[in-house]
Amino acid sequence: MRTTARRAVQAVCVLTTASLLAACGAGKERPSEDGTAVGVTDTTIKVGAHFPLTGPAAPGYSEIPSGHQAFYEYVNDAGGVHGRKIEMVVKDDAYNPTNTSAVTNDMILQDEIFAMVAGLGTPTHRAVVQRLNDDGIPDLFVSSGSLQWGDDPKKSPMTFGWQPDYEIEGKIIGKYVKENMPDAKVGLFLQDDDFGEDGEKGARQFLDSQIVDVQKYTPGGSTDFSPQMSSFKSKGVDLVLGFNTPSYTALSQIAAQGVGFKSKWFYSNVGSDPALVGGLLASMTKGKIPAEQGVKLMDGMMTTEYIPGVDAPEDEWVKLWQKVWDNYSKKGDEKLTNYRIYGMSQAYTFVQALQANGKDLTRESIVETLEKEGGSFEGPGLAPFRFSEDSHMGISGTSVVEIKNGASEPLTPVQVTDIGDAPIEEDDSAASDAPPSSGIPE
Amino acid sequence: MQQFLDTTLGGLVLGAVYAAFALALCLIWRSTRIVNFAQAAMAMVTTYIALSLINADVPYWVAFVAALAAGFGLGALIERVIIRPVEGKAELNAVILTLGLFMVLHGLTAITFGVQHRGFPAPVSTNAIEVGDTSIGITPFGILSIVVVAVVMAGLVVLFRFTDLGLRMRASAFNGEVSRLLGVRVGRMLTLGWALAAAVGAVAGMLIAGGDLVNPSFMDPFVIYGFIAAVLGGLDSPLGSVIGGLILGLSLSYVTGYVGEHLAPLVALGILMVVLLVRPSGLFAAAAARRV
Amino acid sequence: MFAVEELSAAYGPVKALNGVTFTAARGQVTAVLGANGAGKTTLLRTVSGLVRSTAGTVKLNGKDITRTATEKLTSYGLSHVPEGRGVIAELTVTENLRLGGLHRATGSEPMPVGRVFELFPRLGERREATAHMLSGGERQMLVIGRALMARPSVLLLDEPSLGLAPRVVSQIFDLLRGLVQTEELTVVLVEQNARSALSIADHGVVLNLGKVVASAPAAELAADEQLRHAYLGF
Amino acid sequence: MERLRSLLRPVTSVPLARHVLVALIALVVAMAVIGSSSQYLQTRYAEMAYFAIAAGGLTLLTGLSGQLSLGHGALMAVGAYAATLVLERAGGETLADVFLALLTAIAVCAVVGVVVGVPAARLHGPYIAGATLTLAVAVPRLANQWEALGGEQGLQVPVPRASELPAWIQDLIWFFTAVEIDQYSFLAYLGWLLLAITFVALANLSRSRVGRRWRAVRDDDVSAELAGIHLGRARVVAFTVSAMCAGLAGGLMAMNVRLTAPGAFTITLSLTLLAAVVLGGLGSLTGALIGAGVLAFLPHFATDLGESLGFSATQAAEVTPVVYGLVLMLVILLAPAGIVGSLRPLLARISSRTSSLGATKEKTP
């Protein structure tokens, strides 16, 4: 009996202690119920997102939330949206889908967010889409170009894309290559998940016969891509299309040089930021080259562009971002980068949606607003959103550019299309949208 | 054919680095009969120290020497403070202790230096060498890596075979009590063994980091690959460690190049199990069979 | 001269040495005898600091060396030769000998390895062999030779006859006797094989249960039949 | 009190009955705590339950049979994938699907446990550590080999819907807790129920002849062998039982995380499991439970602590592994018996003092 009692007492003690400890850890009050939905009060809106603040995808991408936060501060200081200030919770998932699932759980149950805004990554966000939709939580402007965010609104009614999806990017790149480099032997360098798969799908619409080799990598796996580059080299590849994240652009370049593989390179927009990749390259090569010189290592690479970036300081949008960044960047964050611009551009769209929604904000209403009005939002995007009841796909087009001295020089005008066999058409109409003078969407 | 050659050369460079790492494990095993599962984390710390210096515009080779010195000091410190109490105790204790050390060093580095991926420069070019107009799949940095490992290996051979200090260290490792009776300061020798091993590990870290991105996890694969290379050669034999490293490097390079990178750890596991179950004393150990 | 006074040591609660006192004169062999477990090996280990003494003193040429760190003793001229298995099996014969010469008595001349090979020609023949390949007798020669490399004035020998054939034992004892004379050594010889030990010893000390029960010239002990039967087993 | 004791004697004198009694009491308390917790805490309790099951298996292996496994993360992966594949095909929304999935996970892991356990039984110390560590790295990468396993981005796990549960369960839970069951509380209840069953089974096993054999092997394998214990067999059985626990834990983890991907089964997972059992005390099931509680709740405290020390969020997240590592080192250096082992003499003293009035047994020296 003594052992029995003692063991029972032990077990009970453990449990009680655990629950007590847990109770003090999670002892946050539920938000007041004044608002119309979870995460919304009369004066606040709480949103959240998962980003890779650490891990292999962190270079570049970890800067995106600071863009969001700067723009929300800017809006909040101007009185917020319908009297509500926007608060953003940012959680690190290290680009590991399992972590994404865990931190999303925390954001839903512990932080009680109203909506997920700009959660980043194809493999990562894929892990939580079902969950967010099951629980009826708006999942807006996913920071990824995978098709699954918007191609089936019936399956994922709460989820909306934002940037051009990888399929249309692949299509536009494919068409450009087919028309301008018809003899190129193309190698695909793909992230081994839906990201790479969607890009490949688009590119193959035009380049199926030109693709001679496909090599993949696992984010978080080996960082030595010599074997992949050797394979390209032995297959005689002279143009590589990369659907990969920025650090892998740098690593593939280093590996190519290491095995003496020479080629033209065409990286998807998400992996091509010259400042970031140039900086990484500079730090990895012989001796220490200043980052500015590292940017030169990117010269001649091709990529796509769908929002104006830091290389166009005279653009009205970039001027706005610069102004916001100058006033609202946190200490320690240095200069404005393309990733911060990306974040601010997304934040702009979110504020636009909140404005259009009006004062009565619910999880259903924001979705309805986007479906009804999102297609006509004017913003920094060079092409319009495709939001409607039948599609939750984001920006509908991009231009093809070549990188020179860290800046992009357009090779084509903005080309607009949609997934599937929709035709590719030139359409510059959205490229001339200008921000309102207040900088805050009306 | 070209690809085979490139893969082979890549495997040799990789193998040289595994060899250096296995050598470090072997040194510690010889002196204290402990497998140091924290070796990779220790090398990672010293590499970060070097990176901080390089980013402060210290010349590469000065930073290289600093990493070595830091490794030496770290190894000595760890042996004195943490390992000494478990020397000669149940072997499970030392295993758990070094695993704990691995986690602590990992986390502390992440807190101190941040978890971002950062570029690490190489002292010489990382571009393939060109002969005529074909390029071969080896870079000056790769050649340097092989040379450095060979020099370290030769240095250790000279130390152990031909110097009194080396003789003292070997004697302490093999029979502490008798060595003490002969006047050898055994404790100091064991500390020196760890220090040397950590310095060799630091060299390996520098070679792995060069021309690559580093983050606090960049050495993690070496926890297992270094161990496998060392076991392959028989944990006791420095020469065996080097050959074990080369074999493992080549095998993994072929697997990655022709089958898929994701299978590399599985193949490594297969190699390890075959060696442990079929030839437990390693492929090259002359010593009598040992218990695994 | 080497002297032990009232030396005591214990393993936990078990007293292994209980106030042992004796002296070993220069140029003589002093045999320490007794049955298994009498405390002979403990005596040597306590002198060397491998076992911590609880009381008493050890003096070497008048200098108190009680509780000196084991590593320092060779520099004072005291060499402890462990049992024959005390070769470092992984090192070669030459390496074992070199190791012995690294930490010599302070102020002494280094001894060339060749000198040991002169004393033990058998070792010279096997100089490059790894020690674990040696026979028992060769190992015993090696540990004695290795101890001599340190130029000791006092040599503590632990059971040199253990596990050796009688012929080899007498060979080694003869050598030892010769060394005492040529090198002016003080030898403390711990032996279970009392008959052989007394045959070369000048003086004998008999231990039982950690205490000295007799201390007398070797010839006297060998003649004391009662003592022999009670403690020495012959 | 005396009457109660005599009333209970038939129960308490049989180990199995005693274990069941303890488990029932603990389970009732657990249910009450879970029922009155927020959804967020319920997910933490569910996490604690599956960590405890895995740690229980590991502590049995390491503490009782003296074998170390750093590969339990890999075994959890096997269990998680097995359960996920079953749930995917079965629909995964009913209770029957859930149990089918978990049983499959256990069965598959039993097979894997034998396959791994046979060679592992021949290794010791650093060798088994290195080999199982390699296993922990290698196995999750298999997901990249077969498309059915979903590659790096993993497989989504269908989660049982609370509304699909049999009505009697819904009523039972409502009756006890006055709260409607939802999927969060369901997973927490399920986890604790299975935890209780697992621990009763493990406690019984360790008290049985099998358990005594394991201890004999751990303490002195040579004399155990001389005493006629088949060394290899005893070790393989221990490894298999332990693997089955890991499989069950993996299956539960899949349902809780709702995603099964290789990124979940890192070296760190295996090492934190080790930290849990070392912290609690090798061989102690209570210790495993405490260790699992630490695993489930510490990260949040440690992160908060780190942030209050002025670290950034990403730095603060690293405080947890530092704590685990320190725990491993300090326990080995200062208190090799772990928490429970170190407190045991203290507990024994207290209980012998309090019960000395009525106790008839002599005190143990």
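We just call them A, B, C and D in the order they show up, numbering each chain from 1.
Please note the rule applied: a residue touches a chain if its C-beta (ideal position, glycine included) is under 8 Å from a C-beta of that chain, and two chains touch if they have at least 3 such contacts.
Model, not experiment: these values are computed from the prediction.
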Given subunit B and subunit C, the chains that contact each of them: none
Of all other chains, the one whose Cα centre sits farthest from subunit A: C
Chain whose Cα centroid lies nearest the overall Cα centroid: B
Subunit A and subunit C: spacing of chain centres that average the CA atoms, whole Å: 79
Whole-Å gap between the CA centroids of subunit A and subunit D: 38
Separation of mean Cα positions, subunit D and subunit C [Å, integer]: 57
Residue list for subunit A, restricted to those that touch at least two other chains: 53-54, 218
Of all residues in subunit B, the ones touching two or more other chains: 115, 221, 262, 264
Numbers and ranges of subunit D residues touching at least 2 other chains: 144, 314
All touching chain pairs, where touch follows the definition stated at the start: A-B, A-D, B-C, B-D
Residues of subunit C defined as touching subunit B within the complex: 48, 50, 70-75, 79-80, 82, 86-91, 95, 98-100, 102-103, 146, 150
Subunit D residues within the subunit A interface of the complex: 5, 8-9, 12, 18, 21-22, 25-26, 29-30, 33, 37-41, 43-45, 48, 144, 151-154, 156, 184, 257-259, 261, 263-264, 286, 289-290, 293, 296-297, 300-301, 304, 313-314, 317, 347, 351, 355
Subunit D residues touching subunit B - in the complex, by the definition given at the top: 62, 66, 68, 70, 119, 122-127, 129-131, 133-135, 137-139, 141-142, 144-145, 267-268, 271, 274-275, 278, 306, 311, 314-315, 318-322, 324-329, 332-333, 336
Subunit D partner contacts - residues on subunit A that touch it in the complex: 1-4, 6-8, 10-12, 14-19, 21-23, 25-26, 53-54, 90-92, 96-102, 105-106, 109-110, 122-123, 126-127, 130-131, 192-194, 218-220
Residue numbers on subunit B that touch subunit D, as the complex places them: 34-35, 37, 82, 85-86, 91-97, 99-108, 110-111, 114-115, 220-221, 223-224, 227-228, 231, 260, 262-266, 268-269, 272-273, 276-277, 291-292
